[in-house]
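Take a look at the structure below.
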Amino acid sequence: MKENGKLKEAALSEVAHVKVHGRTTGSLAPLTLFWTGSAVEFNAKGSELWVEVEADYDVYEPWISIEINSFPVSRQMLTAGRYWVCVFRGMNEEAVKNVRIVRELQAMSDDPRCCLQIHAVRFDGEFLPVPDRALKLEFIGDSITSGEGVVGAKAEEDWIPMWFSATGNYTAMTAEALKADYRVLSQSGWGVLTSWDNNPNRNLPDYYGQVCGVLGGERNEALGASQANDFEAWQPDAVIVNLGTNDGGAFNSPEWTDPATGQVYKQRLNDDGTFNAEDLQAFEAAAESFLGKLRQYNPEAHIVWVYGMLGLPMMPAIYRAVNSYTAKSGDRKVSVFQLPNITEESVGARSHPGRLAHEQAARVLSAYLQEILHS
Amino acid sequence: MKENGKLKEAALSEVAHVKVHGRTTGSLAPLTLFWTGSAVEFNAKGSELWVEVEADYDVYEPWISIEINSFPVSRQMLTAGRYWVCVFRGMNEEAVKNVRIVRELQAMSDDPRCCLQIHAVRFDGEFLPVPDRALKLEFIGDSITSGEGVVGAKAEEDWIPMWFSATGNYTAMTAEALKADYRVLSQSGWGVLTSWDNNPNRNLPDYYGQVCGVLGGERNEALGASQANDFEAWQPDAVIVNLGTNDGGAFNSPEWTDPATGQVYKQRLNDDGTFNAEDLQAFEAAAESFLGKLRQYNPEAHIVWVYGMLGLPMMPAIYRAVNSYTAKSGDRKVSVFQLPNITEESVGARSHPGRLAHEQAARVLSAYLQEILHS
Amino acid sequence: MKENGKLKEAALSEVAHVKVHGRTTGSLAPLTLFWTGSAVEFNAKGSELWVEVEADYDVYEPWISIEINSFPVSRQMLTAGRYWVCVFRGMNEEAVKNVRIVRELQAMSDDPRCCLQIHAVRFDGEFLPVPDRALKLEFIGDSITSGEGVVGAKAEEDWIPMWFSATGNYTAMTAEALKADYRVLSQSGWGVLTSWDNNPNRNLPDYYGQVCGVLGGERNEALGASQANDFEAWQPDAVIVNLGTNDGGAFNSPEWTDPATGQVYKQRLNDDGTFNAEDLQAFEAAAESFLGKLRQYNPEAHIVWVYGMLGLPMMPAIYRAVNSYTAKSGDRKVSVFQLPNITEESVGARSHPGRLAHEQAARVLSAYLQEILHS
Amino acid sequence: MKENGKLKEAALSEVAHVKVHGRTTGSLAPLTLFWTGSAVEFNAKGSELWVEVEADYDVYEPWISIEINSFPVSRQMLTAGRYWVCVFRGMNEEAVKNVRIVRELQAMSDDPRCCLQIHAVRFDGEFLPVPDRALKLEFIGDSITSGEGVVGAKAEEDWIPMWFSATGNYTAMTAEALKADYRVLSQSGWGVLTSWDNNPNRNLPDYYGQVCGVLGGERNEALGASQANDFEAWQPDAVIVNLGTNDGGAFNSPEWTDPATGQVYKQRLNDDGTFNAEDLQAFEAAAESFLGKLRQYNPEAHIVWVYGMLGLPMMPAIYRAVNSYTAKSGDRKVSVFQLPNITEESVGARSHPGRLAHEQAARVLSAYLQEILHS
């Protein structure tokens, strides 16, 4: 191999212009990409660029996608270790390349050792500023929003990182359609009140105020995952909540027993198969409460609760929750929007929405957001 | 990272069931993937698989795609060195995964040092046989058939490996539609008689009999690239020739001077912009001769000359060449098929066909092949 | 013209097998097609078929579509008079043709003289039975459900029958997708509580119990339009209500003064542009009441309130109405389903949904109905 | 019905601005629409328009489509007689409507009595000039170009006018895409040398010089069908010839015996199923000769021979014919273009191309014409 003698190494914290996507502590030494869709972005004028990554995990390895001028050129597993990944080489040194290196895998609360960091770059050119986009979107969701099943054959059943994709799901597509910067907070299986299996600890609202509080373990603590998020630094124009699918599933799943207390949790069905009113009300209360929390942290944002890609059973309850919140608060910048259900054609791996389903969702959601954000 | 203690390393040559795609010398120690679309395929029953690759180059680095159960899960640049790449991990050890590791980059005749090899595997399971498919296709072409421009934004202009894709072009799609095994011989810029820039040495026909004769240099020689190909071992049901685009371009390009002899080569235009009859006839003679050569090596195959994805100027000459060959030989298993031209919507990077254009071409070509192969 | 000497004339009431679609009084002497989508259907084994129609109107002329074996072959204006229309001729006399003659225009409450009747047939063959389909659907709606704007260039602005289509709208498409018989009750501009211009008389619920009570005038009275509908004779599996769009529009339209009483009606906006709570509540009460009425007449049907093809402002109120109805009644067979909004691409004439918008609506609605009707 | 007292009747020949499409004798008293796609076009500023038509036939009745502002609003059979058809009514009298009344049925050489004429108009407004479009196209073809099978279910087998459509086939679509005026000469079953059943009289070239020479009988003679066409009055920019499909079929059809002379005609197959060389050569000679005739009448037009919607067997012969013509004449404005074959999805009635197939053909053909007409 011919060596490129012009490459110069620099810690990420020394790079003049680096744009970070996703919630972080602000640290660039190194930069930890906690959530799916988190990314580092450059406008790179030069011929060859490398980044030094560090990956670790017990079980679930992180994956990244690389986009050059908004086109996905590479997607790869990052096995454990600290090493250099070549982003591009052999390009015209005079042309400015927009580059994104995006975390494809959701924050892995099940594997506290799962970690993806970026330490440094090797480059033979100059980094130019990356302007912020005029619009900012924040997505909060579950496996759908984590892009679970976007990658992989329909027959796949393993729950592994390979089937997750940030860049191939509706969040990235919606942001691209609206030319928006965006962030994602998502946990596969989690809900508003409980997870799909009735675990009340696995709810997104409890962790909304933190950088990435869903991650436990000492290292994540040390990395600042449980710090308070700096909301002033990044205020979204719209917060899109795509939750409820797992809360609905909990009604059809076995009870969950808290190993610490022995307490048993279960969202119950009536004998006729309908939702138990009291338990459904608990979900609605949780949803209503979450809306208040979102408003507290995001005083100006439109809040849009979206739902429907894997069926509609919780929609009436979601409307009731939003209605109750609106009636009590007088807050008018909250709405509900139904997303298209998957079909035989659009389903992906693990019975989750495939790429086509995400494209369909992004098309209608971006049209809806366009309307409410510009009226 | 938790180590998987069950992984066992084996040289590729020791693996019980390995299927190789693309022309090779037959060697598995190591396996050299010369042409684009060349691949190693496994039916792997186990939870974790790694392959040991070796990549080298002066200028143009190889890329690979990994497909699990026919779904593309990863695409990555292989920088220089010998190292292990993880194919999958954490999967159900009882399920059989069909795995393909595919060379995404064409044989790089401009960089004799460009080389991609597979040495060994690490696996915790059992390899099962990979049956041959009932149908075999061979594609011969230029940049279109190399998938140049399938990857990358429309504005891209650099001629670099990143924009090439074997798995995203019409050859893979056509083979998939027909459930066929396939091989590709392609060189960007080359033609039947000359390359786009009038170089008469850059023609595919001269190298058809060899494993990968387009590659020069001592190492490729040592690896067997210039050996006679073993045609008996793999006889295609159809040979698809997608050449002529660069021969057409030569009429509009500057002359080429042979540095060794000083001889000047040029396909000439008449003053009125039409093709010089003598030079066009030279192309037709070369095409006709190539048909004879293809028939000699492939006594039973349907030969289909396809053309048109980047315009139609050579189509009458191609028809004349096929007509002349058929008239003289009585060979009835030769035909011509027009492929759809690119449009503003379907164009990819470097003004070449994008993925949509390849999908359109594959749709009509596979329907046509279906018809002639089953009648 | 060669006369077909075998044609025999018969009053419709004498025809052995005739299937009537849409609400009627049961009379076939003649048959009056009141509502859009109303139709007469034959399975006709013969070579040539004519029907004798009678059309009248002061302003708005009726249109029909003719479908042969489910394919639309003709669409034509019916000018005033009583005359024969040829349905088909010159066909194989041994083949059975399924034939539908469908009213394309909604019941025209603005033109009491508008009338479409079928008196008789001329035929040279035999009519075979037309079996009922396994599924029955009833649609209740406004201009969207009347297919206003399905026909015509986007620039069209006249409110005329030519732009209406029963066969090109989502009702026919949904029924076709589900292989269902269907009926439609729809009035352009009408709502649940009031019309788009605040007229409280123009509401569909008041007329639901009658054959076609929206039509006034002596002739319609004589034809039985205001008779009680025979609900026992035809019970739908699902009732799809697509109302609310005009109720929403009323908030943004001038007040309406009852010419008889001088009373003024207006759905009011608050100063901040939001809906007046009291007036919105009146809509919700009307919607809730309508659900009760629908259930009374259709004890077993799934009731689906659909909404969204021209925006979503009333959706929270619709959910509240359904919720309130469900809470009080315990009725579980009522749901809400959001239809896709029009886009620049899918809009038709008069700023109404075009054919593409209706296709999109039918695709998601039929998938949804499929799910709830088969679970 | 309220009478529109403002309607004034005028013979078509007295109308200030009327644009006629398709070959005619120039007579407007009445106007005879001979070929499919022939039409009368108005820019009508008024509220209500009627046309007086006269239809006759022994067997095959004519059909028309009505387009308002380029949108098809009506399609109807015209049974025998002379009567008034309402084109529109109740429209804004101040708006100008572009109106086309188009013959949907090909010239019916099998039924010399088949005739469609337009005598007069009733209108309450003013006709404005209809400008010629910048581009003119002429299409020559067989059943494909007659739009046979565009209308009707796939199962239909009768050969009747109902299944033919001018406005729903690739000729109208291509003209619309290129904003061109266009004419069509087409006969179902006919070819360049013979018809599908080896009748050498049923060839289009023999009649190209006449207005509509394919029509026999005294009345058509009297109407001027066999007059020399006035080529100076309308010179196309491109002549698109879509012939060869029936010439190919003749090889697989029984011989035809001339009832007058007893002479037997048959395009023969060799024992191995290939085309007899002599007979194929006769086709090529006929095609070559036709090109000369087309050039004689159209000195400046691009001539494009298109083929392939129902298979490709004659393509090599077509290329040879064009090649031979070009070689001898030096004429460079002649080319060949392959159209997409039908698929299971795109096939229409009577195993002919359906609307989707015509849309696909129009898309690629209009792109090709765009290229050659603007380069």
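We call the chains A, B, C and D, going by the order they appear; numbering starts again at 1 in every chain.
To be clear about the criterion, a contact is a pair of C-beta atoms (placed from the backbone, for glycine too) under 8 Å apart; a residue touches a chain by one contact, two chains touch by 3 or more.
Here is each chain with its UniProt name: A, B, C, D = Cellulase/esterase CelE.
Small disclaimer: the values here were computed from a predicted structure and weren't measured.
Enquirer: How far is the middle of chain B from the middle of chain D, if each middle is the mean of its Cα atoms, in Å?
Expert: 44
Enquirer: Rounded to the nearest whole Å, what is the centre-to-centre distance of chain A and chain B, using the mean of the C-alpha atoms as each centre?
Expert: 38
Enquirer: Calculate how many whole Å lie between the centre of chain A and the centre of chain D, each centre taken as the average of the chain's C-alpha atoms.
Expert: About 58 Å, centre to centre.
Enquirer: List, in ascending order, every residue of chain C touching at least 2 other chains.
Expert: As it turns out, chain C has no residue touching two or more other chains.
Enquirer: Line, ring, star, complete or other: which one describes how these chains touch?
Expert: ring
Enquirer: Throw together a list of every chain pair that touches.
Expert: A-B, A-C, B-D, C-D
Enquirer: Residues of chain D touching chain B in their complex?
Expert: Its residues touching chain B are 272, 274, 308, 312, 315-316, 319-320, 322-323, 326, 332, 335-338, 340-341, 343, 364, 367-368.
Enquirer: Considering the complex alone, what residue numbers of chain B touch chain A?
Expert: 1-2, 56-61, 68-71, 73-77, 79-80, 86, 88-92, 95, 113, 151-153, 155-158, 160-162, 349
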